[in-house]
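First comes the structure, then the notes that go with it.
Chain naming follows the written order as A, B, C, D, E and F, and within any one chain the residues start at number 1.
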Amino acid sequence: MEDTETMFDTEGVTKNFMFLNRKAPYGTIYAQEVLELVLISAAFEQNAAIVFMDDGVYQIVKGHDPSVSGMKNFSPTYKVVEMEKEDAEEDEDIDMVWKIIVEKESMEARGLSTDDFIINVEVLGSQELSALMAEQDVVFGG
Amino acid sequence: MLHTINKSPFDRNSLASCLRTAPDGGAILFIEDGVYATAKGTTFSGDVEGALKNQKVFVLGPDLAARGIAEDKLIDGISVVDYSGFVDLVEEFGTVQSWL
Amino acid sequence: MKLGIMVNEGPFTHQASDTAYQFAKAAIEKGHQVMRVFFYYDGVNNANKLSEPQSDDRNLVKLWGELAKEHGVDLVVCVAASLRRGIKDDILADGFRISGLGQLIEVGLAADRTITFGD
Amino acid sequence: MEDTETMFDTEGVTKNFMFLNRKAPYGTIYAQEVLELVLISAAFEQNAAIVFMDDGVYQIVKGHDPSVSGMKNFSPTYKVVEMEKEDAEEDEDIDMVWKIIVEKESMEARGLSTDDFIINVEVLGSQELSALMAEQDVVFGG
Amino acid sequence: MKLGIMVNEGPFTHQASDTAYQFAKAAIEKGHQVMRVFFYYDGVNNANKLSEPQSDDRNLVKLWGELAKEHGVDLVVCVAASLRRGIKDDILADGFRISGLGQLIEVGLAADRTITFGD
Amino acid sequence: MLHTINKSPFDRNSLASCLRTAPDGGAILFIEDGVYATAKGTTFSGDVEGALKNQKVFVLGPDLAARGIAEDKLIDGISVVDYSGFVDLVEEFGTVQSWL
């Protein structure tokens, strides 16, 4: 498969990747296309912190229906991300650790709580998120 | 005059700029990511409540639905329109200014 | 009511083209006339006929073209903005034509309302 | 010339156009391409209010030199806009009125004064700008 | 130092591609290796060979191609993002190749640093 | 850790989000329209002065020049780098986070 074709020697390399989602869904495509990147990364069995902060927290709110605006509903893909995370936790042959995180301050500023989200998330305050950032090797999104 | 706002108030300054300069007696229509401004209980709800004193305020229903915002979460006094209602607002309120 | 529409962003990346299309379609259904849709800035990318979205996604290039064909809407792509971005006759989708910025001022003069969709 | 080719009957129509510049130059192309629109509009001899507010006020700051960033300096074009305005004022055969306006609040928030600008501008407070907006037939930019 | 670069916006509309190019050039001049530049989102528009800027403006499509040719930089355009936006082999500029998103994760693993330029 | 900020603080919330979460002891580099944050006397100067307590702060000279911001207008403590210096910062501070 083209998507896992390799050119560099990365045998045995493990890194911490952060996917930082800060944009609202539908108004721009960033939320949707970064999801494609997250899913591809699973094939490489790397650690991933999938973070929702600022307007990115709106990406995982329940009840999206963009059909009347003529757009595609990519909301179910977040469930796939959640499944990948759970599979990695359950399968002892897979070393990768995935985290799905919401920044507390962003969530509260928007009047949201974890009940509003379609997936299970870990809520971190800015200071805890800061500590997690310091552990990353590569940060995508923004 | 009809003002459209298509950006989240958390991300951009369009809402503030519109409220500072929009002539009284017109209408503001929130579309696309702008619809996040119309929900109750956010840090920007007060600004929109203030706007309701001088402007009629509308929100595009299809964009609310896209983002999972139920109509019972809207700030009181905001009316929901569909694309057909959007066209009516353009006809009724004259010159359109899009705050991009 | 006679309408002029300006579209400033390409398809997919921003919702601008989607909203403009839905607005134009609703206006026509209500009996209004969309005199011209003018594509400026990255909006010129709406005219790239090579665009091939996934099968379950909307195809904005085709949707605009069909609107032009069925309702005689004039779809104009700005020549200066297009040259920069590589939108040329070779890849220009059906229903679009390339012309100058004056066409935007002209529709602003001729239409009862002119409305912009962008980022 | 293609740019003044006409299809609709607009003989004798005069309108008030506003070009609302709210974006910083160079980071995005909007400032540059809206200028091209302003200049084309001169051929139609319409009234124009060219307004700089929010980060748009940075467009007319003196001393731009984008060459080291590899970009084109379009700053001199604002002088052309100013000349068009002055020509319209002096030529009695031309009915169009052009205004070049800066919003006071935007200017002050950025620590700028009219001395910082490469062209002469009229400074209006939000309330005065509001009154001017109410007179417009078409608003471009945003 | 081995570098990976991600470019998220097309030429001209945002400065992202300019900054990425200047950064890549400076890194190479200092003796670092730019392993790959990956173009995603609207970044795929950097590979449109029909792009024809004004004669006194920079030509980013050509500049990227020259960097690839002179210094062996691998310029990869995301296939999924390209299909949507109509960047296909017919109009693919010299020096670019179309491949999958895995190429971005791969350079993230192989490079010492990966840096993103976007909007 | 190196943070790049390429948006005007007047237009977007990147600066605020970066300052809220950036780990101490790293560096912030302002590029593109982000360089407007580095001037003295704006409504955001105080935020950047605050950042200088926990982060080293840099600004990309070519982008200052593009926008006509003279170096004597910069907030004290901010260092100017060129593209070559940008590369050095990436090498020195490790993981790069671009606040877009």
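Note that in this section contacts are C-beta pairs under 8 Å (C-beta built on N, C-alpha and C of every residue); 3 or more make two chains touch, one makes a residue touch a chain.
Just so it is clear, the model here is predicted, and its values are computed rather than measured.
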Steps in the shortest chain-to-chain touch route ending at subunit E and beginning at subunit D: 1
D-F or B-D - the one linked by more C-beta pairs in contact: D-F
Maximum centroid distance from subunit C, chain identifier (CA atoms): F
Gap in Å, rounded to a whole number, between the CA centres of subunit F and subunit E: 24
Length of the line joining the C-alpha centres of subunit B and subunit F, rounded to whole Å: 33
Residues of subunit F whose C-beta touches two or more other chains: 6, 10-11, 13, 32-33, 62, 82, 95-96, 98, 100
Shared-contact residues (touching 2 or more other chains) in subunit D: 26-29, 54, 69, 71, 137-139, 141-142
Sites on subunit C at which at least two other chains make contact: 12-13, 15, 19, 22, 41, 54, 57, 114, 116, 118-119
Which pairs of chains touch, using the document's own definition: A-B, A-C, A-E, A-F, B-C, B-D, B-F, C-D, C-E, D-E, D-F, E-F
Subunit F-touching residues of subunit B, taken from the complex the two chains share: 10-13
Residue ranges of subunit E touching subunit C (in the complex, touch as defined): 10-13, 41-42, 45, 48-54, 57, 61, 83-88, 90-91
Subunit D residues within the subunit E interface of the complex: 26-29, 69-72
Residues on subunit B engaged by subunit C in the complex (per definition of touch): 4, 6, 31-33, 62, 82-84, 86-88, 90-91, 94-96, 98, 100
List of subunit D residues in touch with subunit F within their complex: 23-28, 54-55, 58, 61-66, 68-69, 71, 109-111
